[in-house]
Amino acid sequence: MIAEQLAANIIYGLLLGGVYGLATMGLSLIFGVLRVVNVGHGAFIMVGAFTAFWMFTLYSIPPLASIVVAVIVGLAMGFVVFMTIIRRLLDAPELSTLLATFGIGVFIEELSKFFWGPDYVGYSWDIGGISLPFTELPFTKLYAFGSSIVIAALLYVWFSRTKLGKAIRAVVEDKEGAMVCGINVNMVYALSFAIGIALTVTSGVLVTLFTPVGINVYMGGDYTLKAFVIAVLGGLGSPWGAFYAGFIFGLLENGSYTLLGLIPGVEPFGLTRFVSFTALLLILLLKPTGLLGGE
Amino acid sequence: MLKVSKLESGYGEMQVLWGVDLEVKEKSITTVLGPNGAGKSTTLKAIFGIISPWNGMVEYFGEDVTKTPPHKKVEMGITMVPEGRHLFPNMTVEDNLLMGAYLSRAEEKFEDSLELVYTLFPRLKEREEQKAGTLSGGEQQMLAIGRALMTSPNLILMDEPSQGLAPKLVKEVFETIYKLKEEGLTILLVEQNVFSSLDISDYAYVLHEGKIAFGGSVDEIKESEDIKKAYLGV
Amino acid sequence: MFKFKSLIIPFAIYIILIAIGLSQPGLWQPIMYIMFYIGIGVALNNFMGLTGYVDFGYVAFLAMGAYGMGVALGYFTYLGIWAIPLGFVLALIFAALLCTAVGGVALRLRGAYFAIATIGVNEGLRYLIEGAKIWGGSEGIILSGKLRKTFGPEFANYLSTFVADAALIIIIFIASVITVYMINSRVGYALLAVREDEDAAKVMGINVTKYKLIAFFTSATIGAMIGASAWTLKLTYVFPEDVFFIHYTVEAIVIVMLGGAGTLLGPVVGGLIYGALKYYLSVILPGFQLLVFAPLLLVIVVAFPEGVVGFVKKKLQERGIIEYIT
Amino acid sequence: MLLKLENVTKRFGGLVAVNKLDLEVEEGEALGIVGPNGSGKTTLYNLISGVYIPDEGKIIFEGKDITNLPPHKRAPLGLARTFQIPRPFGSASVRENVAIGAMFGRAHAGVDEALEMADEYLKIVGIYELRNKEAKLLTPLEKKLMELARALAMKPKLLLLDELLAGMNPKDIDKIIDLIKRVKEEENIAVVSMVEHLMHAITKFAERVVVMHQGRKLLEGPTIEVLNHPEVIEVYLGGRVV
Amino acid sequence: AQQPEEKPTTTTPAATPTGPKEETLYFGAPISLSGKFAKEGQMSLWGMQVAAQWINENGGIKVGNKVYKVEIKYYDDESKKESVQSLIERLATVDKVKFILAPYSSGLTMAAAPIAEKYGVLMNSHGGASDYIFEQGYYYVVQTLSPASKYQTGFLDMVKTLDPDAKRLALVYEDKEFSRAVHQAAKEYAEKLGFEIVYEKTYPAGTTDLSPILNELKAANPDVLIGGGHFADGQLLAQQLAELNINIKAISILVAPSLPAFYEALGTKAEGISAPAQWETGVKYSPEVAEKLGVEWYGPTQEEFIKMFKDLAGEDAEPSYHVAEAAAAVLSYAKAIEKAQSTDVDRVREAMNDLEFMCVYGMWSIDPETGKQVGHDMVIIQWQNEEKKIVWPESAANAKPCYPMPTWDEKAEGKTCGS
């Protein structure tokens, strides 16, 4: 009985972890390249969630297809935000971008509320699932997971195989060095920011595949928090680290539940959060720069 | 080939260059000497575009490139070996060189450039797989020059390439620079090592408080005791 | 002493604010609202501004303070009036305990790793309290009834409408003095070095851990005092969801950055701008204030990336008045 | 004996940066340390100042074993250094930078006293007029001079200079060497150890020279003698210099 | 800022040529138009405005020879306690408002109480349900909505009536003060009714995956489930019950199902799911019913109410119970003021003690001592055939309960509660 539930929770944890991972990669990428801590991260996830919602509700476009829309929306938003604000702050003290992204996040939320209202919306894309002996696995969640993996893999290939991907790495390592190689540093910044935001918005779509309800303009806060933690766990600035860390976090969150349930007189679900956040600290104690963090 | 006229620039509100004029002839080595803080590095940075010129003009083969951003300059065949090397420390030696050939113009000549670099610096070939950050100072300097060569440049701006190198390496670096000239490259060199740089240069300028205090052929400088005393402390 | 010249402007600001609050109808709470923001700015600045470390989990210290007071008033109500000083003591103790735990673990981390690890501390602690049902778990501690029964409704009200505010004001005054003292003492210089280059600071003979802990501890305990007074005493309840709300940390960081980190005047001006702007916008444009507030904030960041006070300081670099601005 | 290193080794992964090194530094001497790039000179300084802890061996300072002492406990004993790549406290003023040295080094001055000392040392190194400037705005040279003032203000017994003169104008080099020599006498700094690649500077300053090569001590002895040794010429100088 | 001038404050005389003296009476409201309660805040504001409009169009509030027109003076509290306190004070002093409509949620109401008390203003809670607010001894805080302890009890009564054999009850709810209060009270009540509690677990706020709990719940095999907490998690609970194919005979979820968005989000999955509501469109409160019960009717009829709401909020908007409860709070002030024939806070509060009336929202009367709402009854709604129907209590119902609800598989094939 307990074994079955544990198995179910582990599977769910892994699925959830995949989405967490993707939802963090954008944050990590932006930090890695631009040293910008995007406090407004969750607002972009929210935009992605609403993209999926509107595409489905207005045009009956299945959420998987609206990933394409999300990428476009994300690139556009990223580009605009970079050009209007972030670009002006690159030479300013590191933390001023934190202030800026806070403002951007609030602005996006409030603007969304202005247009879309404060409702908690959702959509039903019922496409069945797989029945396992101990639980049910809806296809939507499997798709969310699959898409995360595919997107992460595509990004990996793009990063390691294309010139532009390498240029991004070069800029991260040494800006002036990149300049003398003929790399357009500003373009790389703009592009990385835009890709980071596009990833985040896309992950917002996948989040709704996982949780197609409760979509609201303020939904991003919890994701921001988790994304921060996962980003650090994976090693800041390392999108791949973030991806792995997503799995660990998802697993801890869901997987520890069954065991905590054995303790009498507590709320095991609440304590899973305690466990996952404590695990973060322990891991950082052993490896102060996260799993894949450099020096 | 490169003509700089009345160049003014600085940092924030502080002006450092107060009208620098200089000229670099094709296939020559031109050295800029001068005391610390005179604005030598600033001049190179302003020419290359790392900081923007406030006033004046930079011409490259007669074309106005004053406002051209660095990556476009590299495209046109200008590159720089910056002070402090600015390598990609976590990339291997090979990858650093690869990044040098980032632009397609350079990529086409990748094989040739790489061969040139490895013949000039056999040490780099030996350390191909080592991370740039763990190289010794001298090796790093070689790599910085090598990476610049990979952009298949016509003109290289070099900022104190011999700084911090062991005497043996200093010699090698100057020899290398000389060889580069023989290969048909043009070099604008900033140095503190007065004697060695004058030895290999064709033309020299002395920069003092953001202005050119002297410019001419190397022989002229060598002959002028005044200049040596006043600006070079030798 | 000349060092304390830089207290003149902040104290003048406080006194003017208080005077406005006392003389203008309906402005006392708004002023306290602004003072609260100034308070968390000054408190966080004592750590963040002086060491350069960002603590995203900072609100946990306010929470510890809130719980300290909550536990004293909720579980030791029989002590009568003495429960209040006990509350402050417990606030200090809880904050110090958390400080030791976090300091021992997280302060070994650098930069953004530290910043975000502290989120883990904050969230972990919150879910521990909720999950293990400590101090009432998610139901929190509700005090109004107890206070009213123990002290009578008059005095209970007096506690949350006067004593709490007075305590906050006193805390802010003391915190400001501490800040100026720290900045001008060996501690301040040590922290300046730590902020700029921790490794070089060590070689200079600075016991980096010690000074970081001093700043951390100071900032944490001031935060706890604010939590005890501005939250528990004033609101008469403690809910974990509320006191561990990370938004407060973000606001505090924003205030410090807005004004200028590492200066005393910075968070004061930051809190003033932040609080006043938000209050008046919510009065003039209810429902749309954040839509206006956010772009305003962005304009300020782009115009003064080093904070308003940082900018002014730079402009006044060579003038005599600079001595008054720290 | 002021400083004694016994069989000190430091590894980075597979690389042995400092290899079974023995080194003794007498009180009152002016020592030069030279060697090819990557021969372990900076690493040696990092070991002495406590930035790294050796993998093997012992470091003894004034008879006290400081091998495992953290850096902040070494400085008050009388150790001070400059960095090869300057590490100023960027947003602090030049004066504050130097004062920090005076406060936490062996001088252990109070705040006011330290600020006065800072002025004094800034005058000595000749950048007094820059004292209110933010340190990060200095030129590399000025940063080096500030680091020298900062190290001197610590009132060290042993001063470790790491390529202080690199990139300096020949005219200034002579001035700085004179200055260090003078301060060394006046301030009773027992020893100055200097790492440089500039041979005219080394010959002008050092009484004794240690040559490092691949983490080991290749040779040591009186300056002129060592610099003329064929092995040194072979691995380091590449030709006769003096 | 686009509005340079602040609106005139206090009771400014309106320009009326003749007749009784007309004045404007401001009711003050700190309201959550941003932050986590933005949705409820917006709904409540509309409710207040509808009620004020109705009062003004129907002769205002008559006190002596004066006629008061009502206007709602509101500010956005961003769902934050610090703001609430400032705004209460501003309302009490600058705007000289004596009658406050409390902010949304119990926590914010608690934060407001000491300040309100200090300035001697009356505070009427239309969105703070928790019982503890009224156990603290605040005399000037009164309640219009039914307290938390009553939320899930009606549903349990209903199940017990429908199927005395459905004994296995499970509770799955959000670990927050409000839902805890609701479900603790419900649990006690259930035990009294003879239910067997087969499963009880909470989940933390902000959860996006309930599967760990639901996998366990499935094994517990309950007949009846009560739970939820707020909008997002309530929707999620239903969604994941469907995904995991956990069939239960009757489900009541707090808050979420009472909004149309619930059905829009879940589609047929919402069929048969119930929720407690303070009010619902179609509930049978009318002047006639009032007459039958011998209580006074006050305020718009349901048709009027909904029409006025739609005029204000837009044709597509559906009033949630927040609209009605906020409107009722406004009406209760008006009624009490008329009864007291004074705008004096103490006299009005006293008048409230034995005030009893019915409005579109239902009955209104409070416990004189604590101010707690005792007159009002909750209703149970259930989604049936794409519509929200009132199924309990029988006196208010406009449909029969659909019991047991269709299984998830049946629903997936399109079966609804009507078909």
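By written order: A, B, C, D and E. Residues from 1 in each chain.
Everything below uses one rule, namely that a contact is a pair of C-beta atoms (placed from the backbone, for glycine too) under 8 Å apart; a residue touches a chain by one contact, two chains touch by 3 or more.
In this text, all values refer to a predicted model and were calculated from it rather than measured experimentally.
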item: Remaining touching clusters (ignoring chain A, no chains moved); value: one piece
item: Contact-graph separation of chain B and chain D, given in steps at minimum; value: 1
item: Set of chains whose contacts include both chain D and chain A; value: B, C
item: Taking each chain's C-alpha mean as its centre, the one farthest from chain A; value: D
item: Which of A-B and A-E has more C-beta pairs touching across its chains; value: A-E
item: Relative to chain B, chain with the most remote C-alpha centre; value: E
item: Length of the line joining the C-alpha centres of chain C and chain E, rounded to whole Å; value: 36
item: Between chain C and chain A, distance of the C-alpha-averaged centres to the nearest whole Å; value: 30
item: Centroid distance [mean C-alpha coordinates] between chain E and chain B, Å; value: 75
item: Residue list for chain E, restricted to those that touch at least two other chains; value: 34, 175, 202, 204
item: Of all residues in chain B, the ones touching two or more other chains; value: none
item: Where chain C touches two or more other chains at once, by residue number; value: 127, 130-131, 137-138, 290
item: Chain-level touch network, classified as line, ring, star, complete or other; value: other
item: Chains touching one another, given as label pairs in label order; value: A-B, A-C, A-E, B-D, C-D, C-E
item: Complex contacts: residues of chain C adjacent to chain D; value: 184-186, 189-190, 192-193, 195-197, 199-208, 317
item: Sites on chain A touched by chain E in the complex; value: 1, 5, 8-9, 12, 16, 110, 113, 117-124, 126, 129, 131, 134-136, 138, 141, 207, 210-219, 221-222, 254, 257-258, 261, 267-270, 272-273
item: Complex contact set, residues of chain A against chain C; value: 31, 37, 39, 85, 88-89, 92-93, 95-96, 98-100, 102-104, 106-107, 109-111, 114, 221, 225, 228-229, 231-232, 236, 260, 265-274, 277-278, 280-281, 284-285, 288-290, 293
item: Chain B-facing residues of chain A, complex; value: 163, 166-167, 169-170, 173-174, 176-186, 294
item: Interface residues, chain E side, partner chain A - complex; value: 34-36, 38-39, 41-42, 175, 201-204, 206-209, 211-213, 215-216, 219, 231-233, 235-236, 238-239, 243-245, 256, 259, 261, 264-269, 412
